[in-house]
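I am attaching a structure below and will ask some questions about it afterwards.
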Amino acid sequence: MNQFGKRFTFMTFGESHGKAIGCIVDGVPAGMAIDEAFIQAELDRRRPGQNKYTTQRKEEDRVEILSGVFEGVSTGTPIAMVIYNTNQKSGDYSAIKDIFRPGHADFGYFHKYGLRDYRGGGRSSARETAARVAAGAIAKMLCQEVGIKFMSGVVQVGGSRATQIDFAFAQKSEIFALDASLEEHQKSLIDEARKNHDSIGGAALVRIQNAPIGLGEPLYYRLDAALADAMMGINAVKGVEIGEGTRASTLHGSQNNDAIAPEGFATNHAGGILGGISNGEAIDIYVYFKPTPSIFIEQQTINTDHEATTCKLEGRHDPFVAARGSVVAESMAALVIADMLLLNMGRTLKGVKNYYGN
Amino acid sequence: MNQFGKRFTFMTFGESHGKAIGCIVDGVPAGMAIDEAFIQAELDRRRPGQNKYTTQRKEEDRVEILSGVFEGVSTGTPIAMVIYNTNQKSGDYSAIKDIFRPGHADFGYFHKYGLRDYRGGGRSSARETAARVAAGAIAKMLCQEVGIKFMSGVVQVGGSRATQIDFAFAQKSEIFALDASLEEHQKSLIDEARKNHDSIGGAALVRIQNAPIGLGEPLYYRLDAALADAMMGINAVKGVEIGEGTRASTLHGSQNNDAIAPEGFATNHAGGILGGISNGEAIDIYVYFKPTPSIFIEQQTINTDHEATTCKLEGRHDPFVAARGSVVAESMAALVIADMLLLNMGRTLKGVKNYYGN
Amino acid sequence: MNQFGKRFTFMTFGESHGKAIGCIVDGVPAGMAIDEAFIQAELDRRRPGQNKYTTQRKEEDRVEILSGVFEGVSTGTPIAMVIYNTNQKSGDYSAIKDIFRPGHADFGYFHKYGLRDYRGGGRSSARETAARVAAGAIAKMLCQEVGIKFMSGVVQVGGSRATQIDFAFAQKSEIFALDASLEEHQKSLIDEARKNHDSIGGAALVRIQNAPIGLGEPLYYRLDAALADAMMGINAVKGVEIGEGTRASTLHGSQNNDAIAPEGFATNHAGGILGGISNGEAIDIYVYFKPTPSIFIEQQTINTDHEATTCKLEGRHDPFVAARGSVVAESMAALVIADMLLLNMGRTLKGVKNYYGN
Amino acid sequence: MNQFGKRFTFMTFGESHGKAIGCIVDGVPAGMAIDEAFIQAELDRRRPGQNKYTTQRKEEDRVEILSGVFEGVSTGTPIAMVIYNTNQKSGDYSAIKDIFRPGHADFGYFHKYGLRDYRGGGRSSARETAARVAAGAIAKMLCQEVGIKFMSGVVQVGGSRATQIDFAFAQKSEIFALDASLEEHQKSLIDEARKNHDSIGGAALVRIQNAPIGLGEPLYYRLDAALADAMMGINAVKGVEIGEGTRASTLHGSQNNDAIAPEGFATNHAGGILGGISNGEAIDIYVYFKPTPSIFIEQQTINTDHEATTCKLEGRHDPFVAARGSVVAESMAALVIADMLLLNMGRTLKGVKNYYGN
C-alpha cells in the first residue's frame, strides 16, 4: 500500500540504505512544463545536514527523471523519479541489528513481516520523504497553474508556540520559524536538547492560499480527511488539526462559527474547510511532530529474542524533525490538492458539457 | 467518493430528508453469525432524542438487512442495509432554503455542485452517520471474533477535560462522560449552552484493546493515517490525535519514548502505534468536535444570490455533538481495524503458505 | 469486490431470492435530469418472461430511487436504487440444495465461502444484472448529454451468424436479432433447443456511436481492456472481441490496418480503439455467451458430500440468454464510457486551466 | 492509470526511447526468496532480436532491483525494478514525427494529450511489456510457492491453428509453436509475411495449472473478467477467450456443460472458471493478436496538420508479435493469479481466525 491519491497519484519505493529511493507520479496532465530545477530546489529545502539544528547526515538527494517528460513538458504518462543513495553505510548499524529502538518503527516491521531491514530504519526511515517532496514538486507545478500557493513553517518548538505567523520569515530561518520574535528562543530549545543528547517535539503550520471553492469529495474523500490522512502518515506525526482544531472543542458555536459576508468569511476558525469542502478561505493545517525517537541516552528495550537489554544509539543526530517535516507536510498538502483539483472536474453536468465542447 | 476501506469496505447513500439512508458493506468473511439485534443496539446508542443533552429530533433508525446474510450468517456477498427516513418534514426548511448557515456544509455543496438539497443538510447531515454505525457493527462482529474490543466516551466538554478514564461509567452516563467526577459539571456546561441557544464543543476518546501487533499497511495506508482519515471525516471533527498527540510536540524524546520490556511497553505515549503499525498496546485516538454550528442566535450570512442577510435557525437543537459523535468514532475505528485485519493477511510467505495448506 | 469503475462507479448488492437487489451509483455529475421512466424502460428491455424465447420467470423489476436525486435532478451524491424481489419462492430449490449443477457457479461459491445461498443461484444469478441495467441507464443519460449513443443486438444464435447488422430491427425483434433475414431461422434454433429441454449459445454486438477521440486511460485502464473486463464479467460470457477480434489474428497487417484520411478512417477493423484509446470511429464489441447451463436433461454431478449423483432440473427455463444478455452488455458499455468520460477530463493542462477559468 | 491489481499490484513507467522503463511491484509477501536470475531469464524469453521471426531490434533488457529485497528475500516493501534503455536512437524517428501510422496508438495519444512522444511509439510501445514480464516473474515466484504453474505458447499463426498442444515443445520452438506438426508451416507463413514487408496475426494459449478452487472475487473482480482485462490490455490484442470461448456460443448446453464426478470435472469446456471463480481444472486463456501494424508497405494516412499523406516505415521489423506476446500474456496471468491468491485470504471467518491463531 505504497500509493497515495486517486487521480493525481504517486507511489514511492526504496529504503534508507538500499540502492535508491524514488517515486512514480501518475495522472499528471499533459502539456505542463516540468521544471527539474524546481524539483531539486524543493528537495534541497528538505535535505538534512544543513545546520546544527538538524541531522548531520549528508544526503545528496540528486533527483533524476526517468520517464513521462518529453522535450521539457509532461506527456500524460507516468513520471518516474529516482534518487540514488550515495551515502549509505550499512556497517554503522550492526549495533542495533538485533534490538528494537524505543519509539521506532522497527518493532512493528519485525513483527509484521517476520524480518526487517535494520539499516537506518529501512523503509520506515524519514529518508523516504524525499520521494514525497519530489512528487509534491510536480503537484505544486500543477496547482501553480491555477493560482494555488503553498507555504509552511514551524509554529511550535517544544512548549514555545508562535503568536505571529510570518511565512516569508520562515523561509529564511534556519529552523523555518514562523515567529521571528521567538526564533532565538526556539533555537536555544533545540540546541539544549541536542547538547543533552535528547530531542524535542514541535509543530508545523501549512497554509494553502487561493484554493478554489469546492475541493473535496464528500463523504469519504473529504478534503479535511484526506489532509489528515496525508499528514498523520508523515514520520513522527501524532496530531493533526484543521483551522481552530482541538481548540474548537473548547468553544461555543457562537464563537466558532464564521460569519459570512458578500466579500467572504469574516473569520476563519474553520481553516478554509466546511463539511469537508474548501470554502475559498486560506486552508490551515497544523501538524504535530513527536520528538524524534533517536536519542543518544541509554534506554530500556528488548532484542529480537525477546530478552531485556539496553540501547544507546550513536552516529548522526536529528534533535528536531518538525523543520524538515514542515517541507514534507507542505508537499503532501500539494499532492492532496492536485488530486482534488482533478477529481473536482466533472462534478456538474455543465462542467462535463463545457469540457466536451457541446 | 462515498466508499471507505480497501478490503473490508462500506459505501453509504442517502440524505437527511430523502427516502432512506443506508450502506453496502463488502468484504465481510463468509460464515460469520450476523446479530441484527446488535446492529440495532449500536444504532440506538447513536440515536438522538434520548435526553436533553442532545437533539430532540426523533429518528426511528430501524435498520433492515437486504442482502448478504443467509440463514443468519454472512455469505461473503455484499451486506446491504437500509434505514428508511420516517420523520422527515421538508416543510420545516423553507426558511433556510436560500441562505447559507454559518459553519455548515451547505456553502460548499452549493458552490461545488451548483445546487443543494437544503432539507436538513441533505447529504452533509450527521444523519448519514447512522449508516456508518450500522456498518461499524458488522466490523465489530468480525473484530470480536479475534478478540479485539472497542470502547469510547467523552473526554472533554468545552474546557472541562477528563483526568480519570472510566469506559464502563461512560456507557451509563447520559453524556457518555469518561470522568465520573466531572460528569455533573460537564452536563451543566451543555445545559448552559442549550439555555443560551448556543452549542459547545467537546472531544471523544476511542480505545482499541487487544489489536494484534502488525496492523497497518506502510507507507500510505498506515494505521494512524487511516484512523486520522476516518475520524477527520466525521461531521464537526477538526482535530485528531494518536496517543500523546499534540502533547507529544511539547516533550523531549527521553520523555516521549516508551521503554520496551519483555512483558510489553512500559508506557504508552505512542498510543499503540509506531511507524504506522500497531504495537500491541491499547490504541488511543482522541477526536475533537467543534461546537455544532446550528445555534438559535442571529448570525450574519449571505443568501444564494450573494446578498448579505441574517439567519436565525429554529427547530430541534443539538447543543453538544461529541457524545453521539463518540459512537460514530468508535464505529469508524472498528471499520478501520476490520479492514486492516484482512489486509494484514498474507503479509508473509509463511502466512500465505499456511493459509493454502502447503 | 462488488464495485465497478473508478470515477463514475456502481456497486451492486442482492441475491436472486433475498429481499431485494439494487445498486449505488456514485460519481454522477450534479444537475443532470434523472428520468426514472427511462430507467424502468431499460429494466423492462432486460426483463425475462416476455416471450417463449426466454425464461418464463416473471420478475417485477420495479425500481425505486432512494437517494441522490432532488427535485428531479442529480445532486452529485450517490444514487441508490432498489428493486424488491416479489416473486421469489425458496421452496422451489430444495431439490438442488445439496448438489452442484453442472456449468453453474454454485460449485465455486461453495468451495470459496464454505457455504452457499442455493436459492436460485443466490448472488451468482443473472437476476443481479437488473442492477447493472439500472446503473447503466444513469450512465446512458450522462453519455447522451455529450452525444454518445449505444445500440446492441444478437449477432449469432448457435452457428447462425448475422451478415446484415440492423440495430433498428433488433429493437423490434423478440430475440433482438440484428439480421432480419435470419431471425426466423434463429428463432427456430432457440425453439428447438427449448423443446429438447436444452439451451443454445449466442453472441451480442454492442456498438457505441459518437464517442469522442481520446477515451481510455493507458496503460492499465485502456478502453479495450475495461470493456473486456466489463463484458467477460457478465454471466455466461466466455469470449470478447473488439472490432475484427479473433478474426484479426488470421489477417496480414496490410489487410487489417485501417488507412487514415482527413475525413476519418477508411475502414474500421480496429473497432474504434487503437492502443487502448478511442479513435472516433464506431466502437464495436462482440460478446459471446455460452448456452445457459440450466437444462432439463439428466446430468452427472456430485453433491456437497462429494458423492456422485445426477441432477435433473425443473421449473422455469431460459433456452437462450444472449438476447437479454445483449441489454446487459449495452448497459456495461455505457458504464465504462461514462467512467472514461470523467477520467478523461483534465488529461491536459489546457483542459484543467479552462475548467478552472484561468 | 498505470497500475494493475488490487493487493498484489504493479505500476509501470517508461517510454520506448526514454531513459528507462521499469515497475514497482507492491504487496509482495515478506520472506520470499527473490531469484534475480529468474527475472532476467523471463525477460530474455520476451526479448526481441533472437531470430528472424521477430524484430531485429536488440534490446539489452538488463533488469536491476532497486528496493524491497534485503539479503535475498522480499521484505514486504515495494520492489522497484529498472531497465535502462541502452539502444534507443531517437534520430531514426524523424520521418514519422508528424504522421500517424495506420494501426498505431499515436493517433489516440496525440488527440488525447495534445502532443505525443513520437520516438518508437513512446509509452505505447511494446517495449513497456518488459516491465510486465519483470513484475510477472515476481508473481510467478509467489504462485510457485503454492504449487501453481504457468505455461504458454503460440496456438495460431494466421489461419493455421494448432490441434495438438505441447507446451514443452513450445519452449524449444523459435516461434513458441504449440503444435510440432505445424511449426514448419507456421514459420513459413511468418517468413512469407516478412519477405512481403508485411506482418501476420496469431494467437497464444496460456494455461494455469494447479490453481486452487475459489480464486476470483465476485461480482466485479471475477477471475475471468480480470484475466480478460489483463489480456485485452496487451499491445495488439483484439480478442480473449476462456475455455471454449467464442466456440461455446455455437453449442448446446448439453454439449458445453462439464459433468462433475467425485474425481473432478469430466471435461473442461469451462476453461477452469465457473461463475468467475476457479473450479480446480486447468485455466485456459486464448489471446488473439492482430498483425503488427508496422509494415514496410506504403499506406494512406494523415499528418498532424490533418492533411492526407502516405507513410512507408523503415527500420527494424517485427512480422509476428504473438510469440513474444505469449510470454507477456503468461506474465499477466501470473500477476492476476498472485493478486487473487492474496485477495482470497480471509474470505471465510474460519480462515481469518486460523490466520490470527485464535
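Points worth noting:
Each chain gets a letter, A, B, C and D, in the order it is written, and its residues are counted from 1.
Convention: contacts are C-beta pairs under 8 Å (C-beta built on N, C-alpha and C of every residue); 3 or more make two chains touch, one makes a residue touch a chain.
Keep in mind that this is a model prediction, so the values were computed, not measured.
When you average the Cα atoms of each chain and compare centres, the chain farthest from subunit A turns out to be C. The interface with the greater count of contacting C-beta pairs, when B-C is set against C-D, is C-D.
Rounded to whole angstrom, the centroid-to-centroid distance between subunit A and subunit C, based on C-alpha atoms, equals 44 Å.
Rounded to a whole number, the gap between the C-alpha centres of subunit B and subunit C is 38 angstrom.
One inter-chain figure worth recording: subunit C and subunit D are separated by 26 Å, centre to centre, where each centre is the mean of the chain's CA atoms. In subunit A, 1-3, 6, 12, 30-31, 76-77, 109, 112-114, 123, 218, 343, 347-348, 350 are the positions where the chain touches two or more neighbouring chains simultaneously. Touching subunit C in their complex are the following residues of subunit A: 6-7, 29-32, 74, 76-77, 142, 145-147, 212, 218, 341-343, 345-356, 358. Looking at the complex, you find that subunit D touches subunit C at residues 1-4, 6, 12, 100, 102-109, 111-114, 123-124, 128, 156, 158-159, 193, 196, 198-203, 213-214, 216-222, 224-233, 235, 237-246, 248-262, 266, 269-271, 274-280, 288-295, 297, 299-302, 306-308, 322, 343-344, 347-348, 350. Here subunit D touches subunit A in the complex through residues 1-3, 11-15, 18-22, 24, 26-27, 30-31, 64-68, 70, 73, 75-80, 82, 109, 112-117, 122-123, going by the rule given at the top.
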